[in-house]
Structures are given as structure tokens and as C-alpha cells.
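Several structures are given next for inspection.
One chain, chain A, links the two complexes that follow: it is found with chain B in the first and with chain C in the second.
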Partner chain A sequence: MEKKLTMPKLRPEMEKGVLCAWLKEEGDVVTTGEALFEIETDKVVNQIEATESGILKKQLCEEGDTVDVESPVAILETE
Partner chain B sequence: MLNVQNSSHDPFYNQAFEEFVFQTFQEDDIFFLWQNSPAVVVGSYQNICREVHVETLWKLGIPVVRRISGGGTVYHDLGNVNYTYIIQQDGPVDYDRCLQPVIGALNAIGVPARKGRTCDIAIGEQKISGSAQRIAGGRILHHGTLLFQSDLRMLEHITTHHKNDCFQSRGTISAICPVTNIRDHLTTPMTITEFQTRLLNQMVPAGNHRLTLTAEQEAAVCLLRDEKYRSWEWTWGKTPAFTYEKSGVFAGAPIHLTYRANRGIVSDAVIDCASVDGSEATRLLNGTRLDPEGFAAICRRLSGSRAEELMDWLL
Partner chain C sequence: MKKKPEWLKVRYNQEAVAEVAELMRDLKLNTVCKEANCPNLGECYRKHTSTFMILGSICTRNCRFCNVTTGHPLPLDPEEPMNVAKATKKMGLRHVVLTCSTRDDLPDGGAEQFAKTVRAIREVCPGTTVETLISDMKMNTEALDAVIAAHPEVLNHNVETVKELQVDIRPQARYERSLDVLRYSKQKDPTLLTKTGFMVGLGETEDQISSLMDDILDTGCDILTIGQYLQPSPQHYPLARYATPEEFANYKEMALVKGFRHVASAPLARSSYKAWEVLEDVHDLY
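== the complex of A and B ==
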């Protein structure tokens, strides 16, 4: 099943975040708890970890892209 | 609350120490103080060349270190005290949860500190502390500077002058704020050592664990320092992709200079100037690493006696 991963809302006032680094490439196997990507907002770098296992099917944005909160950033293929 | 002592002043070691502690002592809340000998510390996602004048730092012998948290560029020296505060993540990002205990401790030892903008601590309208965070694995690493008796002229010279606007890139841009030293606002004077002891006693009262790393743990920190924090890949290779463009007059001739860098590797370099061999410049620059020493060597080959001047055009 395909599942969209989105830009998380880390603070009530957060509207956008920068996806600053991909820690997994397309095609990589991902297990729950593993770090997927890093985002930066204000002064915080937040490492985002997988909440379920699967294969990272598609990265929907590039490193450095500013993404609206709750917009998709990747597609995870889950069992 | 756990305290892990760190008496090193080596800025590369200290970044590695902090990352090691963050990853190793996962069960406890942690607070510790540390100091760097003069160094520039940049945010995880910043373009060093945009933020500081690399050649100036090079001449002053001041190293640049990239940290793992967000935010902007700071200058450290032995008049500045850094704190690191590590706690469990509990709900949304909340700076106050980390800042308030530190402000409370400062107030208790006679520092009239209050919360400044976003993530700052101020006295009156002037900043005494900037901070940043990294969140990973359900824990928050919050760290900040505390200007006690820093060389503010040097700080200003390094962090606010020479901002280079020739870079079009998407990295984090530093904010520039008026700053002051804590020492100038004390009703009862204290030394920087007394300041550190009192602050630590407030944050980690007697009865809490205070420990130092074992020899084995210290070896692990040194390995991390050498393999990560002193590496080109971390410091320069992490530079967000950018396009650089600058024009003017060099050695009596008009110059127009452009290049791009992605993951720290230069491409599409063009120097259009009657005083520089353009095809040799393109050949030398394309594929080279974004690295002040490497750039200086290329400038020497291209322009001999005017190498330093050409370097100013390139970075």
C-alpha cells in the first residue's frame, strides 16, 4: 500500500519547514524508528523517523525545498 | 539530572562530545557547561561563505565548525560559556521548556536575564544568549551561548561584517542582534569561573550525578571528532547547493565570475576577465571541492601575485 509522508507540524505556529537532508534514498528499505529525513524550522533541526516499515518509493521534494506543513514529501510503500 | 563534565576547549572535540552524550546517555536529563577557544560555529544547514569571510578567519587562525542543530552563526571565545540541556521530547516543539529553567537559574545567581525573541535570552533589549535545537529519537538537545566577557568587537567583526550576498542559495540565514556581556550587568561582581560554578549548582543541585567520560568513551569522542567534525564532508560538503555570481573590476579589467556548487563540488565555473585565463580557470575550478585552501591554490596558479585579491572575488 502506498502511504504519503508529509511535512510535520512541530509547533502550533509552524506553517512551513525546509527539508534539509534526505537520510534514505529512493528504493531503500525503511524500518520503524529509522531516520528518514531532516527538516529545519526556526532554530530547530528535527530528525523525522519512520512510524512504519516499508520501501521509500519516491522522494517528492529536493534537499533545500521549503514545504508547507502537511504537504506530502515522500511516498512509502508499505506491506 | 545528570551532569557530564567537559573541560576541553577544542571546538571540534566539543561538538563531538555533545553528540556523543546525546546519543549515549539516553535515560537521563542532562545539563553541562563547556567553552571553546576562539571559533565560529555555524548551523547544520548554513552556507559558511555567505555568513563569514573565510579568508579573514583563516588569517586570524579561527576555525569554522558545523554543528548538528539549526539556527545561525555564532562566535565563541573563552569569555563565552556554552550550555547544553538535553531532555525528553514531550509534545510539540517548545523553546520555553528549555529556556525558562536556564533563565530561572541565571536570575537566582544575580543575572537580570529575561526571555528575548524566539530562542534568545536578553538583558534589557540586548541579547546575551542565542540557542538552537536538534530533535531526534524522541529527545531534545537544546544548546546556547552565554556571553559573559566575550570580545564583542571581534564577535561583531566576524559575524556581522562581510556578509556575502553573491550567493543565491536556500540555506539558513543568520539574524543580526545587538549583544551585551553578562559581566557588565552584575550588581555583585563574579569571575567567569564563579559564574559557571553557580550556574551549574543551580541547574544540577548537589545530590545529582556528576560524571566524567571513561577513557573508552573519550576515545569514541575523539574518533567522532576526527571522522566527522574535522572532515571536509561535514563542514563544507554539507553546504546547501548555491549559485555564485559577482562582477566588477579585477587587475584593471572588468570581471564577471559565476559558478555553482552542489554538495560542496564546484561546477559551471566561468571567469570572464581579460586579466585571467578563462579556460584554465574553468578547468581548475570545475569538479574541485569548495574549500578555502584549494581555492587559494587555484588563485595562485591563475593570478600569482594577485592571488589574494582574486580569492576575494571567488568566495
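== the complex of A and C ==
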């Protein structure tokens, strides 16, 4: 089953986020709890963990892209 | 924005955060984790740890390092003490940290609400230890007495920064007053563990840090936390530097040599971060 992964809302006033780095490539196996990508906020760099296991089928944005909160950033193929 | 060093990367688990956030919403509670945009939120929530912020989410002071909203606070919620106790039980917390917005508008600074919350936790979760991270309560000794009488295991009050930067960073607070809160509390009840913390990266010098440690130690304080200042937004007090993990290790060594019983010093150390482990470490002090 395909599942869309979205830009998380890391703080109440956050509207957009910059995806600063991918930590998994397309085709990589992803396990629950593994870090998938990084988002930089004012205070720190947040490594966003996968909440499901699967295969990272497609990255929908590139490193450095600004993405609206809750917009898709990747597609995960789950069982 | 300065480039973030490698050691300022934190993990974030959306499901764990959503779960705790929902519980807090249901019980009409606030956490300082969310209000202060704490970098450790993801890790702590995953471990079912959080620091309750009582007395409402609006603060009467305007400290320039802090992300909590300044304004006119709402009246206290009489159900808050019991709701904190319920959340403590539901989350299975072994150690609870209670902090607050500073309430200069209340005659007792919110002391009675603190005491009620400690007592509610005692009633509902008898085995759980409690740490109160209080404001200076304008050094109102009656107010401090009310908190001390509830006998939390740890009484924490942060000095936040060196003497020389107090006016810029905490315009409505006073350095001596914060030290007096620690001194008075320890003298009033020597069995109480007292704790304080400060940030580095605001522009302080090494000599100023050393003097700050001396002044804190002189109050009889047991536990010290030292962490990196992280600028919440471009409107907040500007970040001067990122101290390295090695520098934090040196500060820890410096504090231990001076005589502190326990020191947590690391870039992401916060007064309530891993507070349980700190308490376990000093458990033989009881």
C-alpha cells in the first residue's frame, strides 16, 4: 500500500518547513523509528522518524525545498 | 540564522508527540515542552516524559530568551492540580516536573496552586517524585513557604545567566533575588534538594561563568544544569555562540571541582531534561 509522508507541524505557528536533508534514498528499506529526513527550525535540526516500516518509493521534494505543513514530501510503500 | 552544529540534531517522532499532545488537550493542560518550543520534545514525549506548565500558558514577564507568550494571563483553573495528577498517572511518570508561567499578577505568585498540585500528585500517584521549577515569586517568603511545605523532592529555580547579563536577558527579574530564593528554600528545609540552571551562548565570559557558579554554590544549591542557549526566533536575544560538547564537559568538571553534588552539562541539557536520572544520581542524599 502506498502511503504519503507529509511535512510535520513542529510548532503551533509553523506554516512551512525546509527539508534540509534526506537520510534515506529512493528504494531504501525504512524501519519504524529510523530517521527519514531533516527539517531545520530556529533552535535545532529535527530528524523526522518513520512511524511505519516500508520502502521509500519516491522523494517528492529535493534537499533545500520549502514545503507547506502537511503537504506530501515522500511516498512510502508499506505492506 | 547561524549554521547549526552537528550536535544540535534531535529526533522527532510525530506519533508520540501527537499522543501526548492529545492527552494534554483532553485534560486542558499545558507543557513547557510545547510552549517553549523545547528541542527535546520529540525524545521526551517518546519516553512519555513531559514537564507540566501550570498557572496558564501566558506569562507576565518578558524574558528575552524565552518563547513563552507574554500578556494578561487567564484566571487559575481550579481543576488543574487534579488534572496534572491524572495525566501523571495515565503517563505512568516516575518523576514529575512542574513549572509555571511567572504570575506577578497573583498575590502569592501561584504558590498555593503549586502546593495543591504537589498534594494531588501525592494522593493519586504515591510513588512519584516531584520537582517544582518555580518563578522567584518576588521573593515572597510566605509564598515560598507554601511550596516548601508541600515538600517536593526537588525545588528548582533558574538563574538563567551570569550576573552581568541579567538586566538584558531577564529585565523583570533580579540576580540577587534568584539566589535568595535558592538560599531561603535550602535554609527553610535542608532536606529539600535545591537545583538551578543557566544557559551559555548569550555572550558571557569564562570568568563570569566561574563567578556565577561560586554565587550559586554559596546558596547551598545541590544540583546544577548547564545548557546551550537556542534563540527561539529572530526577535529574541541574539545568539552569541555555540559552545562545543567539550566545553560543556569542562564546565561540568569546573562545577564539580567547586563542590556541586550533581551537574548536568551538555548542549541540550535543560532543567527538566532527564530530571529523573539526575534525581536517581543524587538519591543517596536523602
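As a convention for this text, the second predicted complex is superposed on the first by the 79 of 79 C-alpha atoms of A that agree within 3 Å, B and C clash if a C-alpha of one lies under 4 Å from a C-alpha of the other, contacts with A are read in each partner's own complex, and residues count from 1 in each chain.
As a convention for this text, a residue touches a chain if its C-beta (ideal position, glycine included) is under 8 Å from a C-beta of that chain, and two chains touch if they have at least 3 such contacts.
Just so it is clear, the structure is predicted and the values come from calculations on it, not from any experiment.
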| item | value |
| --- | --- |
| Overlay on chain A: chain C relative to chain B, clash or fit | clash |
| Contacts of A:11 with chain B and chain C, given as first, second, both or neither | both |
| Which superposed partner A:35 touches (first chain B, second chain C, both, neither) | both |
| Touching partner for A:49 - first (chain B), second (chain C), both, neither | both |
| Which of chain B and chain C A:23 touches, first, second, both or neither | neither |
| Contacts of A:66 with chain B and chain C, given as first, second, both or neither | first |
| Overlap of chain C and chain B interfaces on chain A (superposed complexes) | 10-12, 35, 38, 40-47, 49 |
| Chain A contact footprint on chain B (complex, rising order) | 43-45, 68-72, 92-95, 118-119, 131-137, 169-172, 240-241 |
| In the complex with chain C, residue positions of chain A that touch it | 8, 10-12, 33, 35, 38-49, 51 |
| Touching residues on chain A, where the partner in the complex is chain B | 9-12, 14, 18, 20-21, 35, 38, 40-47, 49, 63-66 |
| Complex contact set, residues of chain C against chain A | 1, 4, 8-15, 34, 37, 39, 42, 230-234, 268 |
